[in-house]
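Note that chain A is present in both complexes that follow, paired respectively with chain B and with chain C.
Coming up: the complex of A and B.
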């Protein structure tokens, strides 16, 4: 019973991490422009992240190292510096985009321009990290995140052609705008396979004091939680495909077009649900990414870390998330368009994947860390596939950004 | 024991299990005819910068000396004789509060973090 509770809590938590501004925006754009056709990218991204999250959790539970610890220790500081810098940069952009997402939600709700909300949002997120504990942040925000299920309910209520939905889970070539199509596929993959997600997950496993007895729990959480998150993304995509396109929006280039998505289904409450979903999903992700910046630096340099300690006892760690949150709010406060920033940072995330995923192949096969729990053939095949995918994405992202984005 | 593989970049804790850094560098004594022996470990930004090259090392040492005074112009060293346990973390029989390793964290606490309301 306790295990079951733990698993359901973990599943809920990982949904909170999965659904953020990137997956919502890319899924909505893809649905509006290409109908169901890009569902395969969400499915593929979800399968990849299930494997990576499961491995990150297994690595932490067995070796008592986080992924960042493992990379630094196994490959040395000079190699670690590259994923460190890449992750810090990508996380900065993602964090900024998440703050932008909350700011847009507040603009939609209150009518005051989004740039005015950037600093208050960062301040509120900082306050929660400053005063809150890991459990509070993990559970509180993700329970609220369940509101995003409204997209799945909405998708079902629209009675889509389920055979067409299922058919779209298989990749197909676009009939028009090939550059844009592939750019969106890359952004969706970047939004689903987020390095911050699996790195945060391995830190969370240590914060929650996991050991080998959690391996089953870990597998269940990774599989169910990420599938759950992917399902909500597909819900967003289906709703966007059926609602936005029929209202003449085949190109989402502004967040203000998005609240329309749920209105034909739920009326005025559709607007409220959209705004609340956007705000909570992005705010939860902002907390996690802000915390992840601090984990990354503190673990990389061997400082004390842990969200449950008082800032006073943890000055280096708390300084990193403080600085990260405020720096990330600046681009939004200066009026940078959150949607463009989101799409750009998702594409860059995809491009940075090889740096953070290649180490998995070594760490999860190293008996000194994972002993008998090292990767089997399927997991290794999955990592090699994700690495190959990562390299393809890294090479194609920039040309696609220029020609398709 | 393979020194570089098994020690370098591992987590260092003091006798109170406080995380004080990673093993950023090893100081070894070369002995003619015998294998080298570790005499100390080094921690801190100067050692890390030296791993990137001579020039970054020199710059970091100058920067550290300018910010923290001359006692910070050299990397922090812990005598290998103080090692107590080699496991997931490497434990040394020292108390970090008696060293200058956390001088910058203490400065940060006293001047910035500790002054923000609610720091605990």
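Coming up: the complex of A and C.
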């Protein structure tokens, strides 16, 4: 019974924490410009993240190491430095975009320019990390994030052609604007397969003191939680396709266009739901990415770490999330368009994937870490596929940024 | 769409005003960009500039109507916006149509 409760809570947490500014913006843009056609990218990204999250959780539960810990220990610090730097840079951009997402929500609600909200948002996030516990960060904000289910409700209320939705789960070639189509596909994959998601998950497993008895729980949370999370992204895409595109908005290049998605469905409450969804989803993600920066550096340098410890007991860990949040708020405070930053950072996330995913192939097959729980044929095939996909994305991202972005 | 939402009471005033202002700025940037682009079809380019200008003017009228809360003016501005959007779509299609 206790395990079932933990699985339910874990699934709910994954669902509530899945949507953030990247998945919301990329799905909305894809839906407005290409209708249902890019649903396959969300489906593919979700399948990939299910495998990676399951492996990250299994690795942590069996070896009592996080993924970053494992990379440093197994390959040495010199090799670890490259994924560390790539992850820190990509996380920095994602954190900035998430702070921008909350700032936009506050601008929409209060009418005061988003630049003015960047530092207060960073300060509030810092305060919660400083004073809060891991359980509070993980479950509290994610439970509130369930408000994002309004996109799924909205999609169902719009009565889409479900046959067309299902057909779009199979990749197809674009009828127009090929550069933009592939750029959007790459951005959706970057938003779905975020390294911070699986790295945070492995740190969380240790924070929650998982052991081998949690392997079933881990599998259920990874499978169900991420599937339901992906469903919300598809909900956003369907709503954008049926509302924005049918009202002549086929390019989402201004964040003011985004709340219009829910207004025709829910009226004024649609505006409120959008603002609340954006604020909570992005704030939750900002907390997680800020924390992930601290996990990465602390685990990389062998410092003491843990959100449940007092800041004075792990000063390095606390200093990293403090500095990360402050620095990430600066581009938004200076007026950098959060929507553009989001799309750019999602594409860059996709490009950085090989550096963070290649180690999975070694770590999850190393008996010293995972013993009898090492990868089977299916998991290894999935990792090899994701690595290959990551290399393709890394090669095509820059040209697509220039020609399609 | 934002204006329709405001008229229906489904969007707050500040958001609608900001959206119109942002749309006006985007159109001004687009006009400047079209003007600065060299073209082999000056007539089509001029028609496109006129269409963008008309749309900018309609957005400005909608913004003004919104500020004073004049429903009649807003209604007219909405019709102007729809007409200007159609003209822009036509001018855009002509400008980018494949040439023989």
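The definition used in the following text is that the second predicted complex is superposed on the first by the 403 of 405 C-alpha atoms of A that agree within 3 Å, B and C clash if a C-alpha of one lies under 4 Å from a C-alpha of the other, contacts with A are read in each partner's own complex, and residues count from 1 in each chain.
One rule holds for everything that comes next: a residue touches a chain if its C-beta (ideal position, glycine included) is under 8 Å from a C-beta of that chain, and two chains touch if they have at least 3 such contacts.
What you see is a predicted model; the values in this text were computed from it and never measured.
> According to the stated criteria, A:172 is in contact with first (chain B), second (chain C), both, or neither; which is it?
neither
> Is A:259 in contact with chain B, with chain C, with both, or with neither (first, second, both, neither)?
second
> Return first, second, both or neither, reflecting whether A:311 touches chain B, chain C, both chains, or no partner chain.
The first partner, chain B, only.
> Return first, second, both or neither, reflecting whether A:268 touches chain B, chain C, both chains, or no partner chain.
second
> Could you tell me if A:249 is touching chain B, chain C, both of them or neither one (first, second, both, neither)?
It touches chain C, and chain B stays clear.
> By residue count, which of the two partners contacts chain A more extensively, chain B or chain C?
Between chain B and chain C, B touches the greater number of residues in chain A.
> Once the complexes are superposed, what residues of chain A are shared between the chain B interface and the chain C interface?
None.
> Within their complex, state which residues of chain B touch chain A.
Of all residues in chain B, those touching chain A are 8-12, 18-22, 24, 43, 48, 51-52, 88, 104-106, 108-109, 112-114, 116, 118-120.
> Quick check on the complex: what are the chain C residues that touch chain A?
Where chain C meets chain A, its residues are 1-2, 5, 8-12, 14-15, 18-19, 22-23, 26, 85.
> Touching chain C in the complex: which residues of chain A?
107-108, 110-111, 247-249, 253-254, 256-257, 259-260, 263-264, 267-268, 270-271
> Show me the residue ranges of chain A that touch chain B in the complex, using the header's touch definition.
63-65, 69, 72-73, 76-78, 80-81, 130-131, 301-305, 310-313, 315-316, 318-319
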